[in-house]
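See below for the structure under consideration.
For reference, chains read A, B, C, D and E in written order, and residue numbers begin at 1 within each chain.
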Amino acid sequence: MEYAYYPGCSLDSTGIEFNLSTKAVAKAFGIQLVEIPDWNCCGASAAHSTSHWLGLSLPARNLAIAEAAGLDVAIPCAACYARSKRAEVEVCKSEETRAKIEEIIGRPYKGESKARALLDIFHRDLGVYTDKNALKKPLAGLKVVTYYGCLMVRPVDTGFDDPEDPISLDEIMTALGAEVVPWGFKTECCGASLTACRPEVGFPMTEKILDAAKKSGADCIVTACPMCMANLDMRQDQIGKAKNVHYDLPVYYFTELLGVALNMNNKELGIPRHFVPAEALVNKIGQAKTTEGGEA
Amino acid sequence: MERVGVFVCHCGSNIGSVVDCAKVAEELRNYPNVVHSVDYKYMCSEPGQNLIKEAVKEHNLNRVVVCSCSPRMHENTFRACVAQAGLNPYMFEMANIREHCSWVHAGHNEEATAKAIDLAKMAVAKVCKNKELKKGHSPVTKRALVVGGGIAGIQAALDIANNGYQVDILERTPSIGGKMAQIDKTFPTIDCSACILTPRMVEASSHPNIKLITFAELEKVEGYVGNFDVTIRSKARSVDMSKCTGCGTCMTKCPGKADDEFNMNLQKRPAIYTPFPQAIPNKPVIDRESCLKFKSRKDGKDVCGICAKVCPAGAIDYEQEDEIFVEHYGAIVMATGYDQFDHSVYGEYGYGKYPDVISGLHFERLVNASGPTMGHIVRPSDHKEPKTVVMVKCVGSRDPEHGKSYCSRTCCMYSAKQATLIRDHCPDTKVYIFYMDVRTPGKGYDEFYNRTREEYGVEYIRGRVSKIYQDGEQLIVKGEDSLLGRPVEILADMVILADAMIPQNDAAKMAQIVGIGYDNDGWFTEAHAKLGPVETHTAGIFLAGACQGPKDIPDTVAQAGAAAVKVCGLLSKDQLETDPCTSEIDPALCAGCGHCVGVCPYKAISLETIEERKAGKTISRQVAKVNASLCQGCGACTVTCRSSAANLNHFTNAQILAEVDALCQTIL
Amino acid sequence: MTLQEMQNQELRDELFLRSQVDVTKCYQCGKCTAGCPVAEHMDYGPRQVMRMAQMGLVEEAMKTKAIWLCATCETCSTRCPKGVEVAKVMETLRIMAKERGYIAEKNIDKFNNIYNTIVKSLGRMYEPGLIVSRNVATGHLFQDTSYGIPYLAKQKLNLVPHKPKNSEEIKSIFAKAAAMDEAERGNR
Amino acid sequence: MSNNPVEKTENFEPKILVFACNWCTYAGADLAGVSRLQYPPNVRVLRVPCSCRVNPQFVVRAFQRGIDGVLVAGCHPGDCHYTTGNYYTRRRFLLMTRMLEYVGIDSGRFQTRWISGSEGPKFQEVVTEMTEIIRQLGPNQKLRDDVTIEMQDFEEEAVNE
Amino acid sequence: MLEMQQEMRKVAKELLESGEATVVIGWEKGALPYQTSPVLIRSAEETEKLVWDEYCQQNLSNYLIDFVYSDEKVAIFAKGCDTRAFNRLVQDKRIKAEQFTVIGVPCPGMKDRKQAAKGVADVPLAKACQECRYPNPVYANRTLGQPVTPRATAPDYSDVEAIEAMSADEKAKFWQEQYSKCIRCYACRNVCPACNCTNCIFDQSKSGWQSKDINASENQFYGITRAFHVAGRCIECGQCDMVCPSDVPIMLMNKKAKKDLDQLFGQYDAGLETESLIPLGRYDVNDPEEFM
């Protein structure tokens, strides 16, 4: 399996763990990720707010480069995926749009190279959950809530999963041996695009999600979006302090937990870089299992 | 010699203000075979019709053309008029210069006039080729079939039976009663549904003119108005109806368990069962899917048999088989009812997974004194009384994207009714109703709605609910109070979704079996939205109740009565006139290839052997022959027939070609 | 002023042309506002913005904060019973508003501008630059800077900006896209 | 050329024959009338009980006699008053459309459409669109029994080339 | 071929002598080398007339219609296309299969006698034979000789496609030219096994379908109507082309109909059996929908 790889800006910096774990896990599963040479920012979330054509053209350029190489594009970041998918869909929908975009980016793009969410690739193409043998360290006893965020599965016509009750991440987690705790916030927006400029709007949105996750009894949150991660992880302490709550909810990228299940080391996956300490919880997993095994 | 009279109608100003009617009349006066041509204000009026009758006499007309409105409007009027004038009613044609001309070409008077002249010429050309046709006659079987044993079917059957005609009710479930039997109270009077329904059920079952055929399916309908042959499959009850006394011992001893459909799966029922205590006939059937004996037989074993052991009458018969028989009827009433929309398509409402998010019909069983909770309103999940109930209207209704585009008509009222019932049963419980519009057109309906708000304190919030999710033991309902213009969240213990009314899931198949139309949603189509609401396009088949579209009980009963009157009118005749516009096959031209037999949807064509002299010898050969009583006149055979042996009366090849030629003659 | 005087058909047409969304289909059920995660912070909910658009009060709609606060999560579009792409209308209104200088949410606009400027010159995002520039622009000098040190400590911030190989190409995309938008606007 | 009756004129108004089934399209056209939906006065409706009554030979005949366009219209498949009629219509005219184009009838001059009794607006839309298409195409010259000059035109052109 | 000819004569003789048949339909030599025509053999002596050469193209099955009401016992020699024609007639209920003895003859392909008549040196096979996919009998009571390998496995529509590629005006011109040559002798109809009506509409002067005028327009009405009538029923024997005195490419119409029907409703080769309904005599609710 070979894909063009579009890490996006976040994965170069604030979302570095996602990048590290993706690369590590992909390698372990034999997925070849060829990083798009000289990729550009997809423009999320400012470009499409300012200009219709800029919003479509920035991601189209990346897709066009991948198309020339004959590859579909694997995109970890939910925002990048949403913008890229939009560009792809619009190009396929209308010849006129395609012509305009090709003119703007100065490259041919026929809509043949598809924007694919990394989550979807792991879920559908790899079918990772069917291969139990690959798991060296099943996540037994780990209670997770799956958080897809708002952008990953919307809108319906571009999505790969159910927009109201997506299951791809749930199925991966279940396959890894984790217990997926039901909750109502799988696709609620965390307000990441607003926490920066309008914190008084964005923070309560994040807070709701943290509250619900805590109430569900889960040990941690699993996500596939670096924006959600930044919000839920980085701001967790600040939000908690403001209302005197200690959430203690580590947030993981699903790729990190995949890596954990493959018994990769935390550092390789980037887990020590989280704001909310995240190593202890995953370290416990292995031990619990060994103890159980020892007793048996 | 053809002597055609042309009459051009102004229809007041409807036609006259656009089409120059005098010019049309004048132009036609010079058209071949036209001997008389005039225009007049209102041709359909009595003086207008007299004009035709007098002209026929005066000018010795043998054919008449009226240029006026759509033949779908007045063809019969003028045919009758022409007949009164002493001509055969089929020596008449209409040119539609109103709906197809003046009304659609306003302001283009010249072009519209030219078009009217064309249309008139086409009609004249056709009428010259018209032949005198006589209606045929067919006998009437004085017996009706009502398909469906809900309130619509029961009412229609009673009305027919009380008029002295035999009628059978065909019901697919083990008992008549339908949805109304499941409902607790009826709006706006809060009558007990069962209390008003069961007497009617008893009356139907004991009426000398009514025969109940329950637990049976409609397999096939053949024949035509007055003479339907209906094939019925009586499903194996596994209980001998003639022996069973309905004591019910078997049901109490049966170890098999199945979901209780009548109670919306809120509880279990035995495998041998009657759907509800007042069922009619009150004799059980064995549900072979859940019966231990029948299940074990599939594995080659043969266990249980308790019901047979305990039955004091020896009525249990495991070897019974489906029985297929054919009955003859003169008329059929379709009263197959509706089904409830499945709200599990809504992910935002939990895909039907939250136990305390229930449908309106669920609630009816919950609140019913003979229901699974003995009428105590409790949540399905933990059987606690809900302190806050949220009701959501238009679930699946008015939602072209995820459900149906239409309004289900009954939900506004039943939601209001259910809200008052909750407030009556549980005075401490708060009830919120999310709505988009409150639609209460019905006697006493709006008053009821207002009482719901004012006297019962039910709070109405205008807005569609966007999301319901489980929050611990409770549910959070997110909506907008669009009158306040702000989003609201309600913490609820139970949510009742007013699911849309949808057609039975096999409605389309049923329509195809009986040969009637159905719309895109699957509702059976009436013959005319306004003037033929209980008739269908197939003569002799009528509609009653919700199978035709969402309806409440009063409307259903009214329509059932209307359908019954139509049936009685039909059955009161000894003979029926048949439309002579049927296909006819000229045996001299027919080569007997039989391709027409295959395309006829009414099986009206068959091959028969005729004797013929050929080359000095008598030979016998096969030719196709049309049974005029079965033929409905579609004309499929006429095109299939290469040698034009098949022709459709009143729409013959010669007539249509004459029209085509007449139209094209006016091209330069 | 009468309603007729407030209604602007030209803007209504432009909104339709650029969004390709038929707002007349909206029957004001409010499901969009009900599901909108930001609605409670908006001056007008999405339903009300749709109503403005529907009634030809596009000018008024362009002046709302709502169109800026919309996070483009598309919950509204997904759930709309009439298949109206509400988020697309919000987005188009935001673009149209900016073109006309109606900036109801200055900080969000500034953020967008800075973001676009960085992408235009570097081809990619440069987060330290974004945060600093934003804080300067919005006057909240120390917002989020507390995260800077831990970020650096965790090697999560790249202090050296990306050097694009084809910066001219990206600049040209910006220019051509802007021209294309302008052309659409000019079509009125 | 002088005796050619169908020289293209500036103000060419096509004449279009519509075979309409009684139950759906005729009713749809009536509904267009009742709703006062305006459309070009170029179409003439010929009522048949069902679209399956329309013999493709009628269509050829109309072209022979100089019609500019022919529309066959009936109920949507599945909604036929006679249950199956329009399924045969569909088969026959899927073939006949191709055959007519094969002998040179311009694409668009002959059409088959499904228009239900409730689709007054669709009737309006279809006949308006068809009138416009045929107005663009000009008068029909193909298959006509009164036009024989056309061939010489081609030959002359061929010689000129 | 001589071997087969001997075999045919022998079989015919046996049939007539045993009384199994009172008449055998086959081919005999005509006046010119490229003329071979149908012959009815009623006695063992006459069997020497029977020939089997490369000009036995004429389809014999149509002659059976004349024997439907006769008491004679008829045996008939039949190539692949004759047997498809036989099935065509059975399916159209013009003959009953059990009334006749069909002796199948695998066919190596027949030469184009029109070319031969023109004096072409190396006479090619008739076009229909070049494209023939069923040279072996598809129905027979007994078959002589060994089956031959079909010359073609798929229909050749290159000639149809060439017309399709033309502009509308070019097509109109082409067909008008072709049909202006037609003299409406109806030879194509008379020879056609699919045109087996007892009363053809073109013989019904009062039907109003057509005038007696002979011009390109009326002739095309005839041509299009005939193509429509044989659509899905044509057994592709090419007899129409062969008998047309004006060289109108009639099969070019018939093949177009077959090509489209196959494409639209699935491949259907007429005359292979007698049970299935013809394409225009049936429908599928999932037929292509182009008319929305």
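In this text, contacts are C-beta pairs under 8 Å (C-beta built on N, C-alpha and C of every residue); 3 or more make two chains touch, one makes a residue touch a chain.
All values derive from a computational prediction rather than experimental measurement.
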Chains touching both subunit A and subunit B, listed by label: C
Other chains in touch with both subunit A and subunit E: B
Per-chain CA centroid nearest to the all-protein CA mean: B
From subunit E, the most remote chain by mean C-alpha position: C
Chain pair, B-C or A-C, that carries the greater number of C-beta contacts: A-C
Distance from the mean Cα position of subunit D to that of subunit A, given in whole angstrom: 57
Inter-chain centre distance, subunit C versus subunit E - centres from mean C-alpha coordinates, in Å: 72
Mean-CA-position distance for subunit E and subunit D (Å): 34
Shared-contact residues (touching 2 or more other chains) in subunit A: 163-164
Set of subunit D residues in contact with two or more other chains: 56, 61, 84, 88, 92
Junction residues of subunit C - those touching two or more other chains: 75
All chain pairs that touch each other: A-B, A-C, B-C, B-D, B-E, D-E
Residues of subunit C touching subunit B in the complex: 27-36, 39-40, 44-45, 47-48, 75, 79-83
Subunit E-facing residues of subunit D, complex: 56-57, 60-61, 64, 77-78, 84, 87-88, 90-107, 111-114, 141-145, 147-148, 150-151, 154
Contact set on subunit E toward subunit D in their complex: 163-164, 168-177, 180, 209, 213, 215-218, 220-221, 224-225, 227-228, 231, 253, 256-257, 260-261, 264-265, 279-280, 283-285, 287-292
Subunit B to subunit D touching residues, read off their complex: 70-73, 96, 98-101, 103-106, 108, 111-112, 114-115, 118-119, 122, 512, 515, 517-518, 537, 581, 599, 601-602, 632-636, 638-640, 648, 651, 653, 656-657, 659-661, 663-668
Partner subunit E, residues of subunit B touching it in the complex: 588-595, 598-599, 607, 614-615, 617, 619, 622, 640, 642-645, 653-654, 657-658
